[in-house]
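For reference, the structure discussed in these notes is given below.
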Amino acid sequence: MIIVIKTETNTLEIQRICQELQRLNATPEQIVGKHKVAISLVGDTATINPQQIQQLSPAIERVLRVKQPFKLASREFRCGESSEVFVETPSGFVAFGQNRPIVAIAGPCSVENEEMIVQTAGQVKAAGAKFLRGGAYKPRTSPYAFQGHGERALSLLTTARQETGLGIVTEVMDTADIDKVAEVADMIQIGARNMHNFSLLKKVGTQDKPVLLKRGMSATIEEWLMAAEYILAAGNPNVILCERGIRSFDRQYARNTLDLGAIPVLRTLTHLPIMVDPSHGTGQAEYVPAMALAAIAAGADSLMIEVHPNPGKALSDGSQSLTPQEYNELMQQISAIAQAVGRCSPSFLRATVDSSLHKHRAARAICDQTITAMISKK
Amino acid sequence: MIIVIKTETNTLEIQRICQELQRLNATPEQIVGKHKVAISLVGDTATINPQQIQQLSPAIERVLRVKQPFKLASREFRCGESSEVFVETPSGFVAFGQNRPIVAIAGPCSVENEEMIVQTAGQVKAAGAKFLRGGAYKPRTSPYAFQGHGERALSLLTTARQETGLGIVTEVMDTADIDKVAEVADMIQIGARNMHNFSLLKKVGTQDKPVLLKRGMSATIEEWLMAAEYILAAGNPNVILCERGIRSFDRQYARNTLDLGAIPVLRTLTHLPIMVDPSHGTGQAEYVPAMALAAIAAGADSLMIEVHPNPGKALSDGSQSLTPQEYNELMQQISAIAQAVGRCSPSFLRATVDSSLHKHRAARAICDQTITAMISKK
Amino acid sequence: MIIVIKTETNTLEIQRICQELQRLNATPEQIVGKHKVAISLVGDTATINPQQIQQLSPAIERVLRVKQPFKLASREFRCGESSEVFVETPSGFVAFGQNRPIVAIAGPCSVENEEMIVQTAGQVKAAGAKFLRGGAYKPRTSPYAFQGHGERALSLLTTARQETGLGIVTEVMDTADIDKVAEVADMIQIGARNMHNFSLLKKVGTQDKPVLLKRGMSATIEEWLMAAEYILAAGNPNVILCERGIRSFDRQYARNTLDLGAIPVLRTLTHLPIMVDPSHGTGQAEYVPAMALAAIAAGADSLMIEVHPNPGKALSDGSQSLTPQEYNELMQQISAIAQAVGRCSPSFLRATVDSSLHKHRAARAICDQTITAMISKK
Amino acid sequence: MIIVIKTETNTLEIQRICQELQRLNATPEQIVGKHKVAISLVGDTATINPQQIQQLSPAIERVLRVKQPFKLASREFRCGESSEVFVETPSGFVAFGQNRPIVAIAGPCSVENEEMIVQTAGQVKAAGAKFLRGGAYKPRTSPYAFQGHGERALSLLTTARQETGLGIVTEVMDTADIDKVAEVADMIQIGARNMHNFSLLKKVGTQDKPVLLKRGMSATIEEWLMAAEYILAAGNPNVILCERGIRSFDRQYARNTLDLGAIPVLRTLTHLPIMVDPSHGTGQAEYVPAMALAAIAAGADSLMIEVHPNPGKALSDGSQSLTPQEYNELMQQISAIAQAVGRCSPSFLRATVDSSLHKHRAARAICDQTITAMISKK
């Protein structure tokens, strides 16, 4: 059971509510988000009447008993509608969501040098991408493998951002690096290996940048949504889920098994936008186009694809990177599929962003109105 | 190493060749197919020179050293080209293959009664299906669950075939039933649970009807191709591979994990046509359309979908069956995706079959010419 | 719901009962075993009162509503006690069960020639084995791999049986071969790849020889018990379950993941005896001893281990075979562990069989008394 | 290729070596551990001659070309011998290793309150445990579940440590908490969900306390050893590997699949000590004893078992916790198995620690001598 407290309620009143809850033999735990405080009741809450709790204080906004273990991430929580995540970039806001055009993210596995990253950024932008991806901190299986150029790579991403106007997506691996990464990134990536790093999830939940949450390589869909719930519960509503392949018994030809079936499943369970990464999902460049097209046909809202100017010489993940030319061709095909499933405005390869219309505050206001509307319906 | 013997070579000459091979310290094993005999050399053949073997007899058509363990199924074996499987139906031959329109197969999990099967057949035909699926013998986890109506169901399928002109696909589970099933079916299905039933594979390999080979639920792609190789090696060249979902760690929402990544992988490994069954692949009707569209976008040549007039009352697999109306709508969407990937002639929803042109012998002749051409190139 | 019919009830009365059940809107299905007929009610039986059914006829022995989907295999069905399976061998009956000494089965993957099989049989007997294993029909991934010597191998097993007095365990893969195999084998093996071959399960259920049922490589424990239920429901009560490793994501060092955790789980779910095959469970001879000892410590009732006089030259599975010498040493260690867990009478390495005491009819009588006692308790 | 630099080499010389290496077209990367610096050569080192590198500088201790990707963790690196990890506790040093008695670790999932933790500590000590486990920071799937008492729990562990003399094992989840945890813990645990948290691995590698590294729930054995390599490469040689169950397709009865086959595999691959956690490995208290015994029979060096005074009321993981009484009984059985496999000195249930003999410096000296001996052999 979740008790949402009204904004600007003072600490004393919250403490009083907690004391009252303890008298009901429940164990209250405060979830202090950036914008909101909620109280979760741990233990056997089955016998507790929500109305009784509502009456404990006028500071209680509402009392939720969500059947699914993920509460804020559940589609129920948005009255069955999809939410939209607006990400601010130098070119304006880009919207991710079920009723928006497909958003394309592309770039190399890791940032290698300035020429390479700026050039690639220009090429993927020309092909229609709205965001540049590129790793500064790289999770590598071997301590002896290239670990990313770290802060230097962050500054190269800043250069590429300035020169192209693309938004930047890059991964954070350590709670100690969040501030540095958030300064550069327009959207922060939590990688598959850190999906269960709860400290990291809590901390990206307390900062403002939208979060791209990759699925853990053996995470169930429920666990993945619970990881998103950690971020949402900490106060950051802007989470995008990225399927990137799960681990199965067969890894002979493809490195992972891309679970596209997760797309329609997520659509019924959550309101959050859905992205697919066919590059990690297959591990082989030659399989990426087929899986990219399939992801769009299955209903994905966004695609993240690895592109490298010279895959054979990449410092990491070369075998799964497309060349800029291959990426450009793939984007034409993606456009055709997107139209076939009615996803894409004709403006797909041009701007999907209207910077004058969707200013950040406006976007936030729309979100809040939706929530308010939903609450009043309940 | 595989030694293909020319057609109409007499037994004595084959025995002589085997004796010669034994002198080379190799263990020859005869693969007696319907149309051809081949000799496989078991053991350490790395040191044997193919040319030396070629000279053993003029009855030797060619000597193959295929690197992959699947030989006849490998794409190399067809010089990198896809093969086509022609299935004869009451309405003429239907072609399955990479350069052919998508072939749609639909129908209920099991044949329940005459009215139901004939009515469903008519409805799926109207929606564009070329084949009716329906189980007579059902592999069920529980001995107490409905096991299919057996021979009675076979005769109902015959009725539906006559009334609609659709081809029939139905499963065989026991070597003892192959003849009965082959009398009714235009294509014989080997189910996922029998993909490793080597006795069954060998026996469907010695009869004439094309075989639809489903992937075992934890079979690697290599094992699946080796199962196809059993059928091919026994002399039946008409095998279609059907991906139907693999077993993964997450079975909470979808019953299986549909491995669409297998499609581009198979395309690089084998010449055989590829089918997808999104009904078993997800286990939930609401996820079927997204996965059907994704399969086509990923390059599948054919779709098998469960359709039941009243899914809520189905004797088996009701939860994964579409209604005829839902199927009809899905077929419109499939058509749009197929066009977007350039797969589909405009005649998709009309006849994909030209009975005057592709008579069986003609088709077989074309195949044989292709093989001859390929051999001469080598 | 299962309705067990009294022995020697005539067919007319059974048909009458079925008609009565149809009036209750249930769909009865007869399970005709060798010794018993039962009627299973398919469909929604939740609203049916067992007592009401009991009153339909005096020929009804009892009406079972077992919560688990496996009924006859469930531990409930034996009032929480383990059952024993007695297997007749040339040296007398060997008992498998929780309160019996560990039974050792050993021998080569496949029967290669007379000298090899007779010699190996003598060596494993000397080490304490009660049964010789050896494949006549081999399930091989490749059609070009050695497929077993078939009937010739069966006759060599007969020779080894006569010369050593060991019982014989060998695999059947095709319903057409059951009679031939049953003539030679004292216990018939269903291999992992055929655990879901329901035709085969039904047919070994209608013959008399005990059945060793290996777990399918991705079968859940419930599915495995349902496969056993197929055999039990067809009238053969003598089933032994053999864990042989499941398929996991990691196959780099060990071929399979031996699921020893299945042992205590099975012990709580079923009354059937439990065997472990650490040879297939690991796929590497060097890992076999550790896993054999662990299996006994975890509570297994029997071990099946591959032994070959010259593993490096084996026609199949050489890498997982122990030499006779290694097997002999392992048996000493097994004996020590067995004593530590209180499993083993001091006579372990000598006879575990008392041929005068446990004649087949006597054994069967004991079993039947147990069942009768159990029924009367219910 | 790994180039180990002699201790006390100055920075300038290391830089000079790196420059020389770049001239060979290799990319050198420094691995700065606590006690050593090593240089790893990234890229194609196949053509580089180790002797040529050795001659670059007298400051180069040795040049290693280890075939396996894990170098310092490989058994080769210790000339095929097992290493020992000595952990200092208030009662002296406890040794973990293949030739040492089994070390028992026990305690509750999470530290709940002082009475509970002190009492449990006393009980597990009486049963033979040398370490108390107890979570202060808990990785929980749900943000609404009990997250551990954090620093307060650490101070309660200190109390329990003082009162019983047991060593303390507790988990760290955030790089920011390492110092706090290291102050209290005698051995720091990295949990399964953080096995791929490379930031955390690197940082525990630069501090002094021994590290217990749990296997990730879908980590291959190679990935697990690579995670250990991160810690070793950062300078901390004291790593113990803990198998705690992997994720498989069957989670109906046991929460995880305990991969005991990993024990003999690890023994051939690595010199590091091996621990098993049957509590997480099964998730059900009733299956824990069988798996604990099996682990010892398979060759584990240590067992970690969850014990709670009142499992039904535990704040986390109650279902997998033994009562102190059950734990005590299990320890008797473990002792019997340990003796049967020749693992255990008769003093098992009394002190396994000789505080006068194995002072820390002494232990470290022994380790260093072993390494030196090994290097000279190479």
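Lettered A, B, C and D in written order, each chain numbered from 1.
The criterion applied here is as follows: contacts are C-beta pairs under 8 Å (C-beta built on N, C-alpha and C of every residue); 3 or more make two chains touch, one makes a residue touch a chain.
All of these numbers come straight from a predicted model, not from anything done at the bench.
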| item | value |
| --- | --- |
| Least step count from chain A to chain C, where 1 means the two chains touch | 1 |
| Identity of the chain that, by mean CA position, is farthest from chain B | D |
| Between the pairs A-D and B-D, the one where more C-beta pairs touch | A-D |
| For chain A paired with chain D, centre-to-centre distance based on mean C-alpha positions, whole Å | 34 |
| Distance from the mean Cα position of chain D to that of chain C, given in whole angstrom | 40 |
| Approximate Å spacing (C-alpha centroids) for the pair chain B, chain D | 50 |
| Chain D residues counted as touching two or more neighbouring chains | 218, 247-249 |
| Residue ranges of chain B touching chain C (in the complex, touch as defined) | 2, 29, 31, 40, 42, 69, 71, 139-147, 173-177, 193-194, 196-199, 202, 217-218, 223, 226, 229-230, 233-234, 247 |
| Chain D residues within the chain C interface of the complex | 218, 220-222, 245-246, 248-250, 252-254, 257-261, 263-265, 267-269, 281-282, 286-287, 289-291, 293-299, 333, 336-337, 339-341 |
| Chain A residues touching chain C - in the complex, by the definition given at the top | 218, 247-249, 251 |
